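You will see chain A twice below: alongside chain B first, and alongside chain C after that.
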Partner chain A sequence: MADDPENSVDKPDDNDAGKPEKMFTLKKWNAVAMWSWDVECDICAICRVQVMDSCLRCQAENKRDVLGRQDCVVVWGECNHSFHHCCMSLWVKQNNRCPLCQQEWSIQRMGK
Partner chain B sequence: MSAAKKYKPMDTTELHDTENIAACIKKGENTALNLGRSAFGAQNMNSASTTTNGERLPNFSKLSAQHGNDLRSTSTTSNLLNRMGSNHNSKPGDVKKIVIKNFKAKPTLPDNYSEDTYLKLEEAVIAIQLSKPIKYSLEELYQAVVNMCSHKMDAQLYAKLKELTEQHVKRNIKYKELTGGSIDKLILLEKINNWWLSFCQQMIMIRSIFLYMDRTYVLQNSSIHSIWDMGLDLFRIHFAQNSLVQKRTVDGLLAMIEKERQGSTVDRGLLKSLVRMLCDLQIYTNAFEEKFLDATNQLYKAESQRKMLELEVPEYLQHVNKRLAEENERLLHYLDSSTKHPLIYNVEKELLAEHLTTILQKGLDSLLEDNRLNDLTLLYGLLSRVKNGTSELCGNFNGYIKKKGRTIVIDPEKDKSMVQDLLDFKDKMDIIVRNCFEHNEKFTNSLREAFEFFINQRANKPAELIAKYVDMKLRSGNKGTTDEELEKTLDKIMVLFRFIHGKDVFEAFYKKDLAKRLLVGKSASVDSEKSMLSKLKQECGGGFTSKLEGMFKDMELSRDINLAFRGHTLSNDRDVTNLDLTVNILTMGYWPTYPPTEVTMPPQFVNPQQIFNKFYLEKHSGRKLQWQPTLGNCMLRAHFDAAPKELIVSLFQALVLLLFNDKPTLSYEEILAATNIEDGELRRTIQSLACGRARVITKTPKGRDIEDGDQFHFNNEFTNKLFRIKINQIQMKETNEEQKATEERVFQDRQYQIDAAIVRIMKMRKTLSHNLLITELFNQLTFPVKPADLKKRIESLIDRDYMERDKDNQNQYNYVA
Partner chain C sequence: MSLKPKVVEFFEVWPRLRGIAESVITLRKVERAIWNTSFSDVYTLCVAQPEPMADRLYNETKEFLESHVQVMLTRKVLEDTREDQKDNKATSDLLQRYYTTWMEYSQGIKYLHQLYIYLNQQHIKKQKITDTESFYGNLSSDAAEQMEIGELGLDIWRVYMVEFLASELVRHILEGIAVDRASNGTLDWHRVQTINGVIHSFVEVQDYKKTGSLKLYQDLFEAPMLEASGAYYTNEANKLLQRCTVSEYMQEVIKILECESKRAKKFLHVSSLAKLRKQCEEKFINDRLGFIYSECREMVSEERRQDLRNMYIVLKPIPDNLKAELIQTFLEHIKNEGLETVNALKGENIHIAFVENMLKVHQKYQELIAAVFENDSLFLSALDKACASVINRRPSERQPCRSAEYVAKYCDTLLKKSKTCEAEIDQKLTNNITIFKYIEDKDVYQKFYSRLLAKRLIHEQSQSMDAEEGMINRLKQACGYEFTNKLHRMFTDISVSADLNNKFNNHLKDAGIDLGINLSIKVLQAGAWPLGSTQVIPFAVPQEFEKSIKMFEDYYHNLFSGRKLTWLHHMCHGELKLSHLKKSYIVTMQTYQMAVMLLFETCDSLSCREIQNTLQLNDETFQKHMQPMIESKLLNASSENLTGETRIELNMDYTNKRTKFKISSALQKETPQEVEHTINSVDEDRKLFLQAAIVRIMKSRKVLKHNALIQEVLSLPKVSFTPNIAMIKKCVESLIDKQYIERTANSGDEYSYMA
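Take a look at the complex of A and B:
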């Protein structure tokens, strides 16, 4: 806010020099954007909960962990399928394949 | 000291030396009391010798009697004294022995002594009864009685006395009856009272004379009444037998009491005395109380019926209160305390219990309506005295709240003031319960139950309005209320919130409003927001508020990201720094969903947007950003002829205005093509710029609505006394849509919840009949649902193979794993 007066003093000089006829100049933009995981399927195939939400286990345990979601990130495999990291780490203990395509599971990247 | 103990020394005349006896004789004991005391003192002095001997009594008595008759002799207690002497003897050092011997012959009374004494006593008694002076001294008479008793003539003496008393009583009753035939009741009462009082005095006098007999003969024979009781007994027998006299007395009393109840003053002393008489005669309960209570009942029955018609309820209550006070006073002043319970009970019954429903139906509503606290306190006080009084009151109170509350809630016309009305109503009722109903738990619970009942009479709307109300309170611009006041209001709101069944509706609207407050920066105080959040958390648990908390967290994270972004742009591209870009990054799922819209944005927007995208996604891999053009705002610097201005506008407004940089006049179609804003939205946007308060563009032809083909021009002549101007979006229509959308979302969420509950139950039970499943569902679901909706969800789950109908029993479901 404190910057505004300075800017307003600076800018007209610039504009007057460049394009004196300009009626409106965009000074400030307070934008809003939603972020979500960049996934092909919104729902984790293991726990059937939307990947944007915590997985079922984390939801149940959420009571003690207020920070909650930070832990429950999304994980992408080489096959580009995505799941809750919590769900997947339990899954690979039994079967080290992607539940959707049966390819050998290896982590491509993790959400953060 | 018990009477028995007092008399003991008489039986055991342990006078241990002659001196003491002599002292007794010399003093000439003329009252039994004195005699007793000195004898008792003697016993105290020599408490070691407690041997009781029947023989000694006559000895000592004789001694006294002789003294009374001037038969002076040295001692007749030689027996005793002998023993005492020998006791002394045993002491070493005593040399002399004193031996006192018995009389050779027993002293006798003169032959005609008993007849004479009888006559003498009779004469005295009659004299007393007729209130005439007695010829003999009282001392003499007393001695006579003592002598008679000592010579075993006590039984005859008692019979004689009884006979005399009976005659007297009879005579008097007859006399009263004769004179009472024609005289006024009051005079009769006074006469009876006088007679009674003098009878009592006479009996006291007679008893004093015959005291010795009363304490020896009477006491030893348990079947015989004491002289006083004998007198009362006789009085009672004859008074009660003579029903005319008794009836006249009682009627007289009742008439007096009735007169007092009508408001005149009566001689309370007389009443009290006569009532005491009835009590003493032990005919109070039988002869008087019953009739009195009957009369009371009749009087108040008639009176209450009359007054109920004549008076308004508050006045009637005052009247009842007055009556009860009067009756209590009556009890205090002249009635026997045993009557208290039945009397008050009867009065309460006739005046209150009988009219309970009428009083409540006729008066309660208006008392509550007019907030007449004193009358309500009185009503509660009175009704708590009668059986079922408070529960009836409570029931009617409950009914009133439900009725009144329904009118507040049900009418869509009053939606605007509903929450405030509810709060006021709750306050009012709370005060009444606290101040008038003694904070009775029954009423507190009933109040709660009634509120919960009526507030849910209308589905969803109250929840929505409460959320809106909170928004209004938490939004800035709500000046004039201090933090404490706000806090108090929020607490009250929470009370209402607790009653609401559809808490999800509240959450949805609350969330939507909170989002608006946070994004526009309109929240009045972060502390209040947090406090409200913690209240909700306390009420509904962490699950309810986790998303709301997430929203606050997003705001904090966005602040950090923006700081980092600014640092990033300063060090990298100097080109874009002339646009001050701030982005609020919201987590999808925490926030309400906003309809995705695509608009065409000029490079001024797109370039920094891309820079930010790159910056953000580098920091957070695996995410994607979806920009929300409907949210956020822009600041434009505008150059008008008069003066430069700063305009705070929405993104859409900014997009439209920036078009005028290239061309001062644009048609609607041109704008639409250039911005690609949705048609309705664009019309509203242009309307806000061309037809609102601050018209930075002008429109031809003029008019309120934006039509196809309209032309718009940059308004160079725009003036405004402010430098920075905020141009509001026109939102009327949007809110309606938003509202619908929010409701829609809530219902959608509910369907999932129903599905989840059904599956949960079925998974646990494996098989369940339809009805049982429905009841279980009603128990589990926290929001109101219709059975038809449940059926639909069950059908849907059957279609999706979560469960199936039993093959044999159509009403039974099986869980399909």
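Take a look at the complex of A and C:
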């Protein structure tokens, strides 16, 4: 058990004294969460790079947005397959079908 | 007078002209009018009717000059010698007489050249071979080729005077120089000038030549001079060796080199300076390297700066391979000192001592190289080699080198909250890069660094975000963008999260929602953080948290689309207010621990199994988080070992003189398993990198011998690590298994790429 040296003053915290209350109250919570693209397959079938990372082209060109993040988002088709947006926009120039299921490609939503 | 060509009788004009020529060449006074007349005499002869008499004039002049020089030789130069053959002093005056005569003649011939200017320019220039002709080897090379009068005069001097006297002159000059050496350069000024004049006459006499104008000087004088000097130096060196220590010898040699180069300037033609210096270095240094090096080891190990400085000066001009011994000794010395200071290290703060001791060694020798070796790049690279070999040394064949880990931990210590001021931290981080650059396993460093950075960021232990960013930028400078990409993303995640929290809290305020707890959430980008998805542990979130989680998730999904959030409860912590005791306490603890405490809201006693089932924690996590709670005495356990049947209940008699405290968690300490895990993950990354590299190479080469393949892999631009051959072999094997490549049928050590 380690004492927090900054708060070592010994005085009872009587702010809520006397009130009927729970035995345990949450005062503060420092939570950590991790976000990832909500995808079925976490590898982009076009460039074979994880969708969480930038696509190959973006990695090579070192593209980044103002915040310094790599600005390479994910795109979902109506068929629910997902790819890097950069990869897909190149792909549809050749063939307007989903590379995985051959359905007509139309964008369902974009990652943000 | 008229310029018109006319008929002249050669015999009428020539005797007159010859008389004047003699006056001119002996520098006697010639009246302006007479000069002018002679000048036109030359013209008249050259354009004479019916036949120009230029050739005849030339031949007569040549004959005149020849006889003149011969007369000078006997009358002025040799005269005394014949009389006082035995008198040494008089003999040495040969130089003086030669010099005086030469001064007169060389001046006279210049005037004579002027007098014959018409002949020179109109008659002789025309016949001269042009540069182009001589370049294409169209040289009829007849001996009768005519020279301009000035050149002719010099050539005649060379033939009749210099070549006749050469050996005598050179002997005298060398004697003169020897006297100067013996008298420490105090030879009288007049004599010096004479010798210098004589030496330079050898050059001047051929100055007019376009090529090889130094040949006479070199053959006649320079070669014997160098030889004589060489002998003198060898002799001197021998003398010095007998009475001097190495240290004194070097001092003397430096002095001698100095004097000799002054002496060379005093006497010799510029073209000889470098040669003589080389000769001097050859005899005093190259030939005596064994002696000079005999105390090298002691000098280096005792760091006798003055001696080392002298040795450096002495050795500087000689070729690099000869210096190798000094450099090698120096390198060994640094290496030993480095190993000594690093090997003795033990204990918890080994990483701090490691970096700081290495830095001390590095700084010390860097300073020494600057002061003693003029920052010579050879020595700097020796320092680099020594440091690299100390830093990358593995304690034994089977143990990995831990420097990368130490250096990363050192950064961590600096960047964590402490009382050190920022400027000092900044300075130390910069220094740290010096050591970092020597690390071969930069990928190991990166792994450790990113894990430690993740901990600092998540647990908010950083001293300052500026310092964190500064360090990332330094690493970026040293290793490139790729190396720090993830570190950067981690860093930005934290600042984005801070922003997000503000927005979220404002959003709650606007919506009039009070969650009742102070919520602070960090949203990390998957992939950038060294956490690993395996670490997501199943956990039934208590309903006390659920509202907060739901609010935030809704808000987040509203803000971003296509993202999903995974809560990393093992990294969350919070403050729980305990009101069941006499005093109320605020305790900082892990989320899992909070969840356990919350279970006791409704009952007084629970078995371990019950707790575990309610919260759906796995054994390992449960044990890890329960133990500190029992140890802190907040909870009582019915048995020491926590088994499924162990009863847990609240300790209602708990007291603590502090009202705010923290349950220490095992999580924040680095365990040996974690270190091992880090190292293993580095190995995995390396294998993938190598496999990818091998596939790329094989794809472009199609077929390659084993050794050639290894060579190609080794020659890859290596940023972060040096691959070892065993690992490459393993990767080749696994690629064969995966059928990327195969062994060719006809040869055992050849591979081919399989498309």
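Going forward, the second predicted complex is superposed on the first by the 84 of 112 C-alpha atoms of A that agree within 3 Å, B and C clash if a C-alpha of one lies under 4 Å from a C-alpha of the other, contacts with A are read in each partner's own complex, and residues count from 1 in each chain.
By definition in this document, contacts are C-beta pairs under 8 Å (C-beta built on N, C-alpha and C of every residue); 3 or more make two chains touch, one makes a residue touch a chain.
The model shown is predicted, which means the values in this text are computed figures rather than measured ones.
A.B. asks: Please indicate which partner A:K112 is in contact with in the superposed arrangement: first for chain B, second for chain C, both, or neither.
C.D. replies: both
A.B. asks: Which partner, chain B or chain C, touches the larger number of chain A residues?
C.D. replies: Greater contact footprint in residues on chain A: C.
A.B. asks: Under the stated touch criterion, which partner chain does A:R48 make contact with: chain B (first), chain C (second), both, or neither?
C.D. replies: In the superposed model, A:R48 contacts neither chain B nor chain C.
A.B. asks: With both complexes overlaid on chain A, does A:M34 touch chain B (first), chain C (second), both or neither?
C.D. replies: So A:M34 meets both chain B and chain C here.
A.B. asks: Report for A:T25: first if it touches chain B alone, second if chain C alone, otherwise both or neither.
C.D. replies: After superposing on A, A:T25 lies in contact with both chain B and chain C.
A.B. asks: Starting from the residues of chain A touching chain B, keep only those that also touch chain C in the other complex, and list them.
C.D. replies: 3, 7-8, 11-12, 22-38, 50, 52-53, 62, 68-69, 73-74, 76, 109-112.
A.B. asks: Would you mind writing out the residues of chain A in touch with chain C in their complex?
C.D. replies: 1-4, 7-14, 16-17, 21-39, 50, 52-53, 62, 67-70, 73-74, 76, 82, 109-112
A.B. asks: Quick one: in the complex, what on chain B touches chain A?
C.D. replies: 519, 541-543, 546, 549-550, 578-589, 591, 594, 604-605, 608-609, 612, 616, 620-628, 631-639, 644, 646-647, 651, 654, 657-658, 660-661, 664, 714
A.B. asks: Where on chain A is chain B touching in the complex?
C.D. replies: Of all residues in chain A, those touching chain B are 3, 7-8, 11-12, 22-38, 50, 52-53, 59, 62-63, 66, 68-69, 73-74, 76, 109-112.
A.B. asks: If we count contacts the way the header does, which residues on chain C are in touch with chain A in the complex?
C.D. replies: Going by the criterion above, the answer is residues 458, 460, 481, 488-489, 492, 495-496, 516-529, 531, 544-545, 548-549, 552, 556, 560-568, 571-580, 583-586, 588, 591, 594, 597-598, 600-601, 628, 631-632, 657-664.
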